[in-house]
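These are the structures, in structure tokens.
You will see two complexes here that share chain A, one where it goes with chain B and one where it goes with chain C.
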Partner chain A sequence: MIIYRYIAEGLFIGFIMLVMSGSILAVRSRILMHAVLGLAVSFLGVAGLYFFLGSMFLTLMQILIYVGAICVVLVFGIMVGKTPKEIDEKQLRGKHSILAVSLSTVIFFMLSASVFFAKWNPVTEKIGDFSMAYLGKNMLYHYCLAFELISVILLAAIIGAIILARGGREADLG
Partner chain B sequence: MEMFNFLPPELIRMIIFVALLIGLVFLNALVMVYLERKIAGHIQRRLGPMEVGPHGIFQTLIDGIKLIGKQLIIPRDVNRPLFRLAPLLAFTPVVLPFVVIPFSQKIQARDLNLGLVFIIAMSAINVLAIFVAGWSSNNKYSLFGAMRSVAQNIAFEIPILLSVLSVVLMTNTFSMQGIVTAQSNIWFIIVQPVAFLIYFIACIAETNRAPFDLPEAESELTAGFHTEYSGMGFGLFFLGEYGNMFVVCSIATVLFLGGWHGFTLPFNDYGAIIWFMFKVYFLLFLMIQIRWTYPRVRFDQLMNLAWKYLIPISLVNVLITAVIVKL
Partner chain C sequence: MTLLSTHLYSYLFIAIFLFATGLYGMIQHRSIIGMLISTELILSGAGLNFMAFNRFITPDPAIGQIFTLFIMGIAAAEAAIVISFSLAVYRRYQTIDPESVDKLRY
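Coming up: the complex of A and B.
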């Protein structure tokens, strides 16, 4: 069906636009809140790209974790903390802007060169199984140690956060 | 029909479904507001709306038209783009979950493999919308409302996920249709009563309803995060809220009350929607009744309820379920 192809291409371009505009907004905006929301838009675009690549699970996790958790925590930080509403024009410019621009241009050309010169073999069949059952089994059997280590790190982070929060409250009372 | 040949039937089906689902969101809000006012009236020994139509059944329709006709006032000091964006951002993620809700065996827009995760991911965007609304209004009531709302949502999302998880452990699938099919013999409310209770309590908090309606506590915060909104800006938040209630109640129906299962009706593949709607509206009725029965909790009580009671209980519940499933 030709219309599906049009829709797919349109969506792909749309997702790319989301990522690009979101990240430009995140870096260039003078209002902190706009920057965070730009980041959220960019994350949504990345989620769309995952969807385009055929992994519904990654798409949903991207939305759930990056948009739903990380962006919300960032916004929370902005609202609770004493942050300036607008950033000075001076701070946006930075000292090494020429260096940064040249470096990112070089990286851009290197990446696009490697994309253009790579030999893309057309895929005749689906390689591997990326369903949730497969992911879960691998996580718990094959990569069990890594999985457990990550959980320990997260546990340590949670305990640390609780201890920090307690200290703050006691200091306020005393 | 020549001219429609370039449109594949699946696409047409999808468009029709989305149009119907948006219609359902609006209709549900109309019905729910009417029910809410009527039930509240009878609980308080009044009659509720009586003027427009027999027993006031057209009251909410008239109110809705009035709301659409009202001027959209944008205060001078708000952050204009975000202020305009927030209602849309709050409304869209409420419509999307309807896509995966199985109204009956055949009536479902799309049966995703990860339907349940899809709904939970969409509710994450909703939190962001409340934040944007509260912050962009540049008003302390809105800001406080938004902050309360997000603290509440983060806290109550955990028991929701854990109670959902204990059902998923039993069914081994995230597909909504699959979970319903797994309950053809026994409804999960009988096997998982604790998970159902936790889910229902946490959902009342998640939808910002009394007794957990701190984000919009009228007596403290005027109206919370949508204080500055007028006309349809407020209307979209309102629609979103009632749509959200419908979504959480239909998840509860799918997970615990057997979805569209019931006595076989004529044309059961489609007719079972009556069972589904009946169960959903029964849960919604319970929610309304709870709202008009219990007083609002304090914020520390709310947080204690989530972190000290619901989360530990649901963790133990998941553990027990996992052990029993594996035995």
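Coming up: the complex of A and C.
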């Protein structure tokens, strides 16, 4: 039985490596399409971590929404919008580079210290389970208002996106 | 034997790493779409944080999952808005460099 634990641990470390390498590729690559690829790799790693955290449903949703929808929308935007394929070397190492490295490093270590020195109380007993039935029942009974509000937000965002992308075309025609 | 995947700290450190990487990409901005990619990283770190607390701290395991689903919905809406916004900006200014879109500054 102990061998399965080691296999699971190796998978976990592999997912961590996916997250880290993907996110570094997403912020460091000079070609924007490679950044989207790194983002997809990082999201796949996060989906694996959700699986380790016990939620099969969120793993599938992460792959479906983030990798399947958001990355495709980003690729679509890059290809339609004629963004610069290559980013200038001087723009990559611009005046903000030192500020970005120092600020993100400082915030990383400050948050790590605050996580490390905080006192967490692990829960001993759970009142529900991780099944999809329990999740759906909660979402439609207890969190019904939030569930409806997020659909209104999505509707407003889609209508706003259509209006934003469409306004210029009428200006071009007229 | 202590396994890495059974500790709260490992998940929290990955979430902090995602947040710091997204912040780095956000400050060192190259284009609006690059900043959008960094924002997605930050939101993903927030979702991972919620899921970790949901697994280890909260008694009810449905709360964190529902909150993470809502974060995913907000991220999808935000991606759609920013993509169409960058299309509109490109049509008007012929660039998506955020530093050259500064007519309201003066």
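Quick notes on this structure:
To be clear about the criterion, the second predicted complex is superposed on the first by the 143 of 174 C-alpha atoms of A that agree within 3 Å, B and C clash if a C-alpha of one lies under 4 Å from a C-alpha of the other, contacts with A are read in each partner's own complex, and residues count from 1 in each chain.
Convention: a contact is a pair of C-beta atoms (placed from the backbone, for glycine too) under 8 Å apart; a residue touches a chain by one contact, two chains touch by 3 or more.
Remember, predicted model here, so these are calculated numbers, not experimental data.
In the superposition on chain A, contact of A:F57 is made with both chain B and chain C. In the superposition on chain A, A:M17 makes contact with neither chain B nor chain C.
Once the two complexes are laid over each other on the shared chain, residue contacts for A:V80 go to chain B and to chain C alike.
Contacts of A:I159 after superposition: neither chain B nor chain C is touched. When the shared chain is aligned, no partner comes close enough to touch A:C144: not chain B, not chain C. By the touch criterion stated above, A:A69 is placed in contact with chain B and with chain C alike. In the superposed pair of complexes, A:L111 makes contact with chain C only, with no contact to chain B.
Between chain B and chain C, C contacts the larger number of chain A residues.
With both structures placed on the common chain, the touch criterion links A:M33 to chain B but leaves chain C unconnected.
When the shared chain is aligned, chain B comes close enough to touch A:Y4, but chain C does not. The residues of chain A shared by its contacts with chain B and with chain C are 57, 61, 69, 76, 80.
Put simply, chain A touches chain C in their complex at residues 5, 8-9, 12-13, 16, 19-20, 23-24, 26-27, 32, 35-36, 39, 42-43, 46, 49-50, 52-55, 57-58, 61-62, 65-66, 69-70, 73-74, 76-78, 80-84, 87, 91-92, 94, 96-97, 99-101, 103-105, 107-108, 111-112, 115-116, 120-123, 125-130, 134-135, 138-139, 143, 146, 150, 153-154, 156-158, 160-162, 164-165, 167-168, 172.
On the chain A side of its complex with chain B, the touching residues are 1-4, 31, 33-34, 37, 40, 56-57, 60-61, 63-64, 67-69, 71-72, 75-76, 79-80, 131-132. Listing the residues of chain B that touch chain A in their complex gives 6-8, 11, 79, 82, 112-114, 117-118, 120-125, 127-128, 131-132, 135-136, 143, 146-147, 150, 154, 174. Chain C makes touch with chain A in their complex at residues 1, 3-5, 8-14, 16-25, 27-31, 33-34, 36-38, 40-41, 44, 47-48, 51-52, 54-63, 65-66, 68-70, 72-81, 83-88, 90-92, 96.
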